Amino acid sequence: MPYDLVIRAGRVITATHELTADVAIEGEKIAAIGHGLSGRRTLDADGLYVLPGAVDGHVHLSLHTAYGRTADDFYQGTLAAAYGGVTSIVDFVDPRPDQPLLAALAERRGEAEGRVVIDYGLHMTLTGPMIAARPAWREEVPLAREAGCYSFKLYTAYPGYYLPDDALLQALEAVAAVDGLAVVHAENWPVIQTLTRRFVAAGQVEPRWHPASRPAITEGEAVHRVLALARLTGARVLIFHISCAEAVHALGMARARGQIAFGETCPHYLVLDDAAYLRPLPEALRFLCQPPIRGQVEQEALWRAVAGRGLDVISTDHCPHPDEQKQAGAANFTRTAGGISGIETRLALMHTFGVRRGQISRTRWVELCCTAPARLFGLRGKGELLPGADADIVLFDPTRQVTLSQAALHSAIPYSQYEGIQVSGYPVATISRGDVIVDQGQFIGQPGRGRFCVR
Amino acid sequence: MPYDLVIRAGRVITATHELTADVAIEGEKIAAIGHGLSGRRTLDADGLYVLPGAVDGHVHLSLHTAYGRTADDFYQGTLAAAYGGVTSIVDFVDPRPDQPLLAALAERRGEAEGRVVIDYGLHMTLTGPMIAARPAWREEVPLAREAGCYSFKLYTAYPGYYLPDDALLQALEAVAAVDGLAVVHAENWPVIQTLTRRFVAAGQVEPRWHPASRPAITEGEAVHRVLALARLTGARVLIFHISCAEAVHALGMARARGQIAFGETCPHYLVLDDAAYLRPLPEALRFLCQPPIRGQVEQEALWRAVAGRGLDVISTDHCPHPDEQKQAGAANFTRTAGGISGIETRLALMHTFGVRRGQISRTRWVELCCTAPARLFGLRGKGELLPGADADIVLFDPTRQVTLSQAALHSAIPYSQYEGIQVSGYPVATISRGDVIVDQGQFIGQPGRGRFCVR
Amino acid sequence: MPYDLVIRAGRVITATHELTADVAIEGEKIAAIGHGLSGRRTLDADGLYVLPGAVDGHVHLSLHTAYGRTADDFYQGTLAAAYGGVTSIVDFVDPRPDQPLLAALAERRGEAEGRVVIDYGLHMTLTGPMIAARPAWREEVPLAREAGCYSFKLYTAYPGYYLPDDALLQALEAVAAVDGLAVVHAENWPVIQTLTRRFVAAGQVEPRWHPASRPAITEGEAVHRVLALARLTGARVLIFHISCAEAVHALGMARARGQIAFGETCPHYLVLDDAAYLRPLPEALRFLCQPPIRGQVEQEALWRAVAGRGLDVISTDHCPHPDEQKQAGAANFTRTAGGISGIETRLALMHTFGVRRGQISRTRWVELCCTAPARLFGLRGKGELLPGADADIVLFDPTRQVTLSQAALHSAIPYSQYEGIQVSGYPVATISRGDVIVDQGQFIGQPGRGRFCVR
Amino acid sequence: MPYDLVIRAGRVITATHELTADVAIEGEKIAAIGHGLSGRRTLDADGLYVLPGAVDGHVHLSLHTAYGRTADDFYQGTLAAAYGGVTSIVDFVDPRPDQPLLAALAERRGEAEGRVVIDYGLHMTLTGPMIAARPAWREEVPLAREAGCYSFKLYTAYPGYYLPDDALLQALEAVAAVDGLAVVHAENWPVIQTLTRRFVAAGQVEPRWHPASRPAITEGEAVHRVLALARLTGARVLIFHISCAEAVHALGMARARGQIAFGETCPHYLVLDDAAYLRPLPEALRFLCQPPIRGQVEQEALWRAVAGRGLDVISTDHCPHPDEQKQAGAANFTRTAGGISGIETRLALMHTFGVRRGQISRTRWVELCCTAPARLFGLRGKGELLPGADADIVLFDPTRQVTLSQAALHSAIPYSQYEGIQVSGYPVATISRGDVIVDQGQFIGQPGRGRFCVR
């Protein structure tokens, strides 16, 4: 009896394994991996890699900020993701201080539903203003956990988000109590604010002052502090977007002592460097992000950590600000909306700069981009090629040469930070729960077909 | 079309995942994992765990020592392994100084063939005397690698094995050159010899002096040194049988700096403690092993490391000395043949003391005992439940209560270090490449059916 | 020509040296150290130690708190100090938020003048409320430095003092700019407040909950953070009253990286342990201090650090609260005025528990109690036995046995935390700038004779 | 009554203090430091620094090596020392394997006596061959200690010296048993030998291959190992000639754990860099030493450690090989006699590159070059300006500009590694036990006037 769909004779690559095999799909699930499988429909994968669909555990679609929304809504952003071989994302719920967590979750799901073209989960953000304003938040954490938010975003920076240490402690305890995962933006906010104000006061308002306004010490210190408080509470922690050796080292020391903690980095910290901030306007502003992209010494340390398991996942922190939000900082870099857009380019960049340059193996590539994020962020049925798992699959042509450019990418923003970079290897087809949503480089899925993942 | 064999409705547990499903086997391979699969033969796994067959990457069957052979030959030892849910082992080739590596490999395979009931690999030992005696060893390393020895055992201790630092450097370089894995026994041998001689000279010859003759510093120092030399050569290293926090810390610090290195510990370091050496003779001598079993503070540190990924695999270092080899030390503990027998009890002990006591999750248990050893030791097709993988599977009854005893175990030795310990959960059936070799608690496999794994 | 005063034939002990010699004094200065010196007056020191007068760099006389003043004013406190062989103290100026630093300094000097019987310096406290309220503070720091305040006290805890990280950064910068020394109370205040509130809410209000409300992690974290910010600013830092291994380790790691930083501990952390909090009321409350006195494992780590130069000075943090301020916490330990009284007992305790027990040498004892504090806190002419140095000298009888008791001590408080402890060796005479102010165990000095030290 | 000699109105600088004062000498001792002192003879020190005579704890005069003797005998070498402001040295006794320690001490003292112009001590070397050959060595260690050898030199490198770990352990224990100090050359000898042989085999025989043949890892590893074994034995250790950050870090980590251990570096590691090995022959060979002079990154780390107390003393490891011994390596750098000549230039170099460049304070300069070596190496009465201390004094003109050159220096070798370097500040007079032996830049002392220091 033929299966619904068979991907034939591809090079199947998992986090631990490579084999040449057929992959059969029945309905939304992987039904078999084997040889000589027959299907009502067949995709020929000869010469291609067959990977678990990539999981991007850190994206910001339709994010409200003081600058307005990010450019990609849940349709545009997940469309771009699908083109890039991503079959699940985890975005965020950012409750207002006075808004119950479940109400915020419902509202955020409302923004996604009808638009999202791949499956998605949501981290629940616990903000400082909320903790200060509404004691009920604590009883709502288990409800949010039950409603599918396994992970909780904590910020040690930003107005509207910043958790002073007492609130951070409480948030970590609440996360530990529901056996969830704290995902943390770790920078020392009071120090960064002070340094930033000074650059402005001194008239040093060009983008090249950005990295110096957030030195690696301020990130390393915050990572150490978050891990210390997590140790006090027993919370499991994943540090987001680690950009420097000092933060890697703080994480490694905590682990050497027996603490359970994880680390994420992003392609922009591995592929770009701080020379970007020296480019002329308007370009330089587009590279502003927090923590900043750093120098090559830090970049090399990150690659060593990625290879040597000092870091665990690679996500994008996709944050596609319209260029006017970027150029808001033209006269003062501190007024720039920070963020890098990378939802579509991660697999290709990590293949080119990681696998091809010999930094990591193919299985490690899959682990970092697909399997580990699914496991660490609690996406059941994702990130694996195992019968019974969701039929989320990407076909990747390792020989395809592409020059990245805004024109060829699908984010709504009119620029790309990776403009002009040559990549070797590119996704060519994407399957989400059995649907072929990108085929021969064309998106053919339906808006709203993606589902919320209860994690 | 029915499959050869279907394991029905078990709780499938992998290193990353749990699902209730059927597992279908066709010939020697896993053919499918799914629902409603039909087979010519069926094993009902309702209420049981279905795990990838356990992999024991560190055993010593029919080991020649100055005391004579260890008691379990490749039949008896792998029979016991099979009863314990183990479907692959990695034992050792110990070439004589004048013996070419391939000749030694052939000789050792000759000892296994005809006897072994499960699949096996062999680590190739590079000894100090060999490196001193025979320059040709270096050209033979690539041949050994091609012949299936992916990993190379290096000792920083023991007459006949001891690698002084210059030989250790050369051995690590040779391993790095073939992109292999160095698996290392790390203790400071000159220091240990000195301390040991003194205990004897002082008449402190009872087993309780054993741990003090090999203090944690001597292990931690050696681990640090091995990792330093590995860093110099670029070799990947796995430190065997880590028994103390100081060694875990040395490994963690190396990783925090970006080095690729791994660590193993053994059930006896996690379940027993140094009070064993205070038991009356003949018992106390049976617990002698190197490094020694240490106190509870060290044990707690090891559990934290096992849970927190500071250590990567659990093997047994199974070394079943006949009791006369153990009691050779009755008048002087230093004359005791060192080693613990555990090939049959690892899965059950780690389930009881790890999963049941809340130290680790079920998926981590599978990762530590099955998947990680297969991956780290290079056993392709092992340690996974993936179609195309070898149909090496164990059914484990999580509710079965067993009191461990020599009588109930299958090693040839007339004692067990775990005598009297109650375990919760036990393997009930073992499948090796599609053969049900243990069924309802009875071994029904054939001697010699196991195959050598080219790694 | 005879000198004014000759101390004859004592065992002169300095931080680096021991010799049997005469010490001659002319006016306020040491004039000579030699043999056969003749003086108009002679003190026979045969069988006694002749030490540089002890320097206590951390005392709180007449401290205003929410509970009222501490019991010892500058007369009573320095009288007790003199009895204990102390010839210089450094106390604090605690400006009100709206009070210029120089005005506060003048006011504080006014409290001392007319009363103080030995020389004294003052640390200038930079508080969070002041930094928030009065931008002029920054221009006043150089003025305070010129007026003799070389060191600046920074708190990461306590209402009225607490410096959030941005203010801490500014304070450190200001200290670095005048090439001063930041002396820092390092605990994580927001976390401690949260934990404390909970103990109270849970009805755990007895003194034995005190240590758990301020766990070692909260101290270690704060020390790490202070050192990170100091690294950012280039400030030299001395961490006050280190009570645990985690803080020692954070300091050691910073130094191993090349940072210039120092650490202090206090006798109560070295001599007492947390069993004190289990005593019945009213006793237990008298031991409350911040950080808390910890367990024996921490105490052993502190002794190792004291011996091995992981810590640099021993001060007392003398803080003699009247018993009613202590017993204010009878129903709730968090309402207790925290602090230990030790200004008189340090030399004797460190001789007994340090030198006599073999933890430290005699020269190290002198270094820790006399020379290093003088050097680190910038007291020129103090802490040394060098001609030209101030003739601040203590004669110490190493054989004298004393049982410490409130009755025998001279603080105004009606209890002593060291009540009943036997000490071996005791100061018998104290000379301050050439005046014999304690002779044969009797104070004979004049109130107000002490002088302010411009540091 | 006038003193024998008064040094008038100089700027007295000690390890902790600066004052303008007269220093009076009576016989061999300092008699007073004060004002208005009168002497039968007077040296006007107005405008000059008055320092305790410098102590060089690590020199090799008349050293027997396989290349022959070093060029400076005890006369020539101490003459040069005296010109450089050095008033005490510690050289070595290198017993032959079959020679009792006391006999070797007597022989070595015989080489010094009649020649030496300043005071000297001797480290007793404990070699591997001796420990292997003559069990009596152990009983001789206390005799050597009594005879004045407080410190014992241990090598982890060099034929004839190399201590394998078991002998190292025994040597450390023997040193601990007499409460002595182990001074250790720490490099991993077996690894260095292997690497060196390879460079030769590959025809890479020019001096520029020297640093690569002894990479920093081999030094860092050995330092870690020595400290681990010292921890096991309780021995106090001072690591000689630390040349890299990895070694500093290993030392710092041991101290952060509470171990008592110290570190030395040398001017050539602080002032020169590995570009020296790129100079043309014959020059490049003159810079060969072990450990090698390293790159600027390491140099900066050493300066940070020197300033921040991560290192404790600066010695020279003066080792003046005749140029033919240097040029023996013309065809093969590994045949070069290793060593740098610096006995005369240390004070001036450290003043110029340390004090003048703002790396260290004047008191730290004195501590590193004079006081700390006296204390750590056990030279009683040296390194201090204290009445009763030996009248070992140097007058240093901080304004004098000198261009270093072989012609202006006094070592017997016909070259200087510091040739052409400009220094600011230079010693102008040297007093040894009251004798003015260098006056107005002319040596006027007598050969043989120096005495052996029982330490």
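Per-chain residue numbering starts at 1, and chain names A, B, C and D are given in the order in which the chains are listed.
Operating definition for what follows: contacts are C-beta pairs under 8 Å (C-beta built on N, C-alpha and C of every residue); 3 or more make two chains touch, one makes a residue touch a chain.
Because the structure is a prediction, the values reported are computed rather than measured.
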Keeping to the contact definition above, tell me which chains border both chain B and chain D. none
Looking at C-alpha means, what's the farthest chain from chain A? D
Just give me the whole-number Å value for how far the CA centre of chain B lies from that of chain C. 56
Cα-centroid distance, chain A relative to chain C, in whole angstrom: 51
Geometric centre distance via CA averages, chain B-chain A, whole Å: 37
Shared-contact residues (touching 2 or more other chains) in chain A: none
Identify every two-chain combination in which the chains touch. A-B, A-C, B-D, C-D
Can you list the residues on chain D that touch chain C in the complex? 12, 14-17, 19, 21, 26, 29, 31-35, 248-249, 251-253, 255-261, 301, 304-305, 307-310, 371, 374-375, 380, 383-389
Mind pulling up the chain B residues that touch chain D in the complex? 164-167, 169-170, 188, 190-191, 193-194, 215, 217-218, 220-221, 224-225, 228-229, 231-232
